[in-house]
Amino acid sequence: MSVQLDPQGQLRHLISTEGLPRELLTRILDTAESFSGVLGKSVKKVPLLRGRTIVNLFFEPSTRTRTTFELAAQRLSADVLNIDVATSSTSKGENLLDMLRNLEAMQCDAFVVRHADSGAAEFIARNVAPGVSVINAGDGRHAHPTQALLDAFTIRRHKGPLEPLTIAIVGDILHSRVARSQIHALLGLGAGEVRVIAPRTLLPRAIEHLGVQVYEDMDAGLEGADVVMMLRLQHERMQGALLPSEGEFFSRYGLTEQRLEGSHPEAIVMHPGPVNRGVELDPRVADGPRSVILRQVTNGIAVRMAVMSIVLGGQGEAPTEPLEEVAN
Amino acid sequence: MSVQLDPQGQLRHLISTEGLPRELLTRILDTAESFSGVLGKSVKKVPLLRGRTIVNLFFEPSTRTRTTFELAAQRLSADVLNIDVATSSTSKGENLLDMLRNLEAMQCDAFVVRHADSGAAEFIARNVAPGVSVINAGDGRHAHPTQALLDAFTIRRHKGPLEPLTIAIVGDILHSRVARSQIHALLGLGAGEVRVIAPRTLLPRAIEHLGVQVYEDMDAGLEGADVVMMLRLQHERMQGALLPSEGEFFSRYGLTEQRLEGSHPEAIVMHPGPVNRGVELDPRVADGPRSVILRQVTNGIAVRMAVMSIVLGGQGEAPTEPLEEVAN
Amino acid sequence: MSVQLDPQGQLRHLISTEGLPRELLTRILDTAESFSGVLGKSVKKVPLLRGRTIVNLFFEPSTRTRTTFELAAQRLSADVLNIDVATSSTSKGENLLDMLRNLEAMQCDAFVVRHADSGAAEFIARNVAPGVSVINAGDGRHAHPTQALLDAFTIRRHKGPLEPLTIAIVGDILHSRVARSQIHALLGLGAGEVRVIAPRTLLPRAIEHLGVQVYEDMDAGLEGADVVMMLRLQHERMQGALLPSEGEFFSRYGLTEQRLEGSHPEAIVMHPGPVNRGVELDPRVADGPRSVILRQVTNGIAVRMAVMSIVLGGQGEAPTEPLEEVAN
């Protein structure tokens, strides 16, 4: 998606992981790595984005997601403005464009956009002024690129380079913006094999064309996997015609210790959160030694700091000195 | 209104533009000019109000207006507290005074007040402790002084000194706190001629006594105007008896390219936003080359920074060095 | 309550004033004393908690209380995150623990917790990760320790050491988390005599065992008191069977100038706010020369800064130099 890169090939917006060059994906992870060091200190803050204004523009409420972006911005010393756009009339057309024009005129530097409609983040990115960046925090069923990047970052930290790895994504692939973004990010980073495991009713048509292996059988799909990425099952899906019941879903696709035995002995287990215990994962797995679910959350701050600093600053590296050394 | 000035004639509160001395109005605009330079840099921040606390005390919700004050405060490095006072019981009498006493006791330095009742900001200013300043962000039909000041600032930037200018204000003068504040600010700054253009039903009685020329006919009123300031038409007015319909209003008072031809060839077009396209302005005018509507938004941050720094610091000048030079 | 202290006896969480060692209570007040000096300056800010993240986790809404903690955190230069947990499903059990795990994973340093259920703050403290601190901002009828500490601080500032003082607490002791925390704090600090004054229906059983003197008669209880601490009467209690009417309550337990005559000639009058004028206090007393009610509010910021800095930093002293000297 060419809207994401400027003419020099630098990342200007992050809308999707689809089509991002491998070196750019790698640079984001490398930058996140440098921020991870900062976050381990007691002064978890760098002055990189001081005097810049980042707007959390949430057309769909999500305290959880907003919190991660707000923390990332604070730890880059940016000023943050939280705007919840409640009325549907403002979330489209002329009124939306007017709001963007106004926020740009107030010299805001970046918009973190969450929207219930697929394509909304790209629409906004195509309509913002030069010099303003857009970061997609989830748009409809389309994409959730920072989640996919933090997942890739977590895999790399625990399992090393992605080339030799077999990675299985399990659950409601059809409705998942997370799965879509994960597939593009992992393949873009050169992952050895990416599998999707789901009942036929929860698989998009022609998903094979993305370059993934498709499994309807959980045990076959987990065979030898180095990484097992579970998706969140939306409760509303389970009440529809696509799935008979939570219990039946768990019996076929829930991750248990027994099922994990077929995977690689050092396989890690991931989930974007919040976990429905007993639906997607057995609690013993979710809270067990292979789970890196909370590491994903921690890594999410560093990855979002990396994305913000790259789209706003064009820098690829965090400063080696945190704020305490710089300002005092 | 003497509540605004301290015994030394310094601005302590900004409640209204009425009666402000010309040199004080000029000083606000000059200070805003110096902040405009800061806002053009990537580090849009000065340490002028570090350690000071500014409270956005909004008795009437307005994300848009709150945002402009919040950004202005952040860019002065002040701490900001947003308090939305939802219940009507707290917005009056003893409960209101108790809330003020408490916020003062917490050593807050300034209240930015928005209230549906005319006179509320002045009431609060008359009741705050010494050392606390009040900035009116719109009170009923009474006043909206920062809007008027940013308008005057925008005119001065585009057209130079106000003395030779003919400025036309068009629309619902009767219900507009913006119009009232504009008239006082522009005449206070020595504007050559201020005209109001509206149907008789939307004009206050005896408006001439303020020193303005009154026109019911749009074309006559625009004749030779250097500046055309359109007002926002509130939808609720249009459903009442005062106005027959949006369509008829537009046909008589809507600003079109054709109508603009009667004004000065280099006339600028202004609007406090958000624009009702096709009601107050033809979209081609709103988005056309004469429109400075988005410049008003940009200037609004600098003007609000100027007002905050003057009422809190007594300084008339922004520092020439932004935060990066000062703190690092 | 041993959850509050770490193995070295340092304060890690503040859940209750019950059982806190006297030297620790004294250290909190001494630290607050040093912050009081900072708050009197125009730059009311110290860099003690720069780069630390404090989360206001409010399961029960209270703008007033949240504001005091937010200001305290800002003036310590901490980053603040406000999270209002609206849904009851998130306020308990697995979902609550998941939220805590996530906020910990985001490397938040402290949770300020307000909850309608008694024991919620302790539950959270027992379940947070090492390195994270919990400050109770009021849990059900259990405790409100920062209010009690700011009360003790206010008494010490106005009346000196607590040993020789007779302190009367008046009102709805039964339902008051404030009264409970005050009793423990005052006795822990060595107060000479603590009295509770209330009708039998508003006294907990066996309250004498805490070490207080019980009075049902207001005049007898106020006799010779150095400090009169009024409690807030919740309106909902007054509609129940426990109390006949506001008017009757005031006639028996309302604080008037006449009643105050029986107390020490230099007695001070306190109230945690907001005051129901004419119910708990005659307005002439609430706003009179003996009232230190607004000083309590001011002191509340310094005391909350002290608690935050102690649980997070382990320091007992505020820096002698405020931010301006340190950073510029």
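First chain written, first letter: the chains are A, B and C, and each begins at residue 1.
Everything below uses one rule, namely that a contact is a pair of C-beta atoms (placed from the backbone, for glycine too) under 8 Å apart; a residue touches a chain by one contact, two chains touch by 3 or more.
Values in this document were obtained by computation on a predicted structure and should not be read as measured data.
The best fit of Cα atoms from subunit B onto subunit C calls for a rotation angle of 120°, in steps of 5. Comparing the contact residues of subunit A and subunit C by number shows a mostly separate set, under half of all numbers used being common to the two copies. Centroids of subunit A and subunit C (each the mean of its C-alpha atoms) stand 41 Å apart.
Residue positions of subunit B touching 2 or more other chains: 327. Subunit C makes touch with subunit B in their complex at residues 39, 41-45, 63-64, 67-68, 70-71, 74-75, 273-275, 277, 294-295, 297-298, 300-301, 322-324, 327-328.
Those residues of subunit C that touch subunit A in the shared complex are 47, 50-53, 79, 81, 83, 94-95, 98, 101-108, 326-327.
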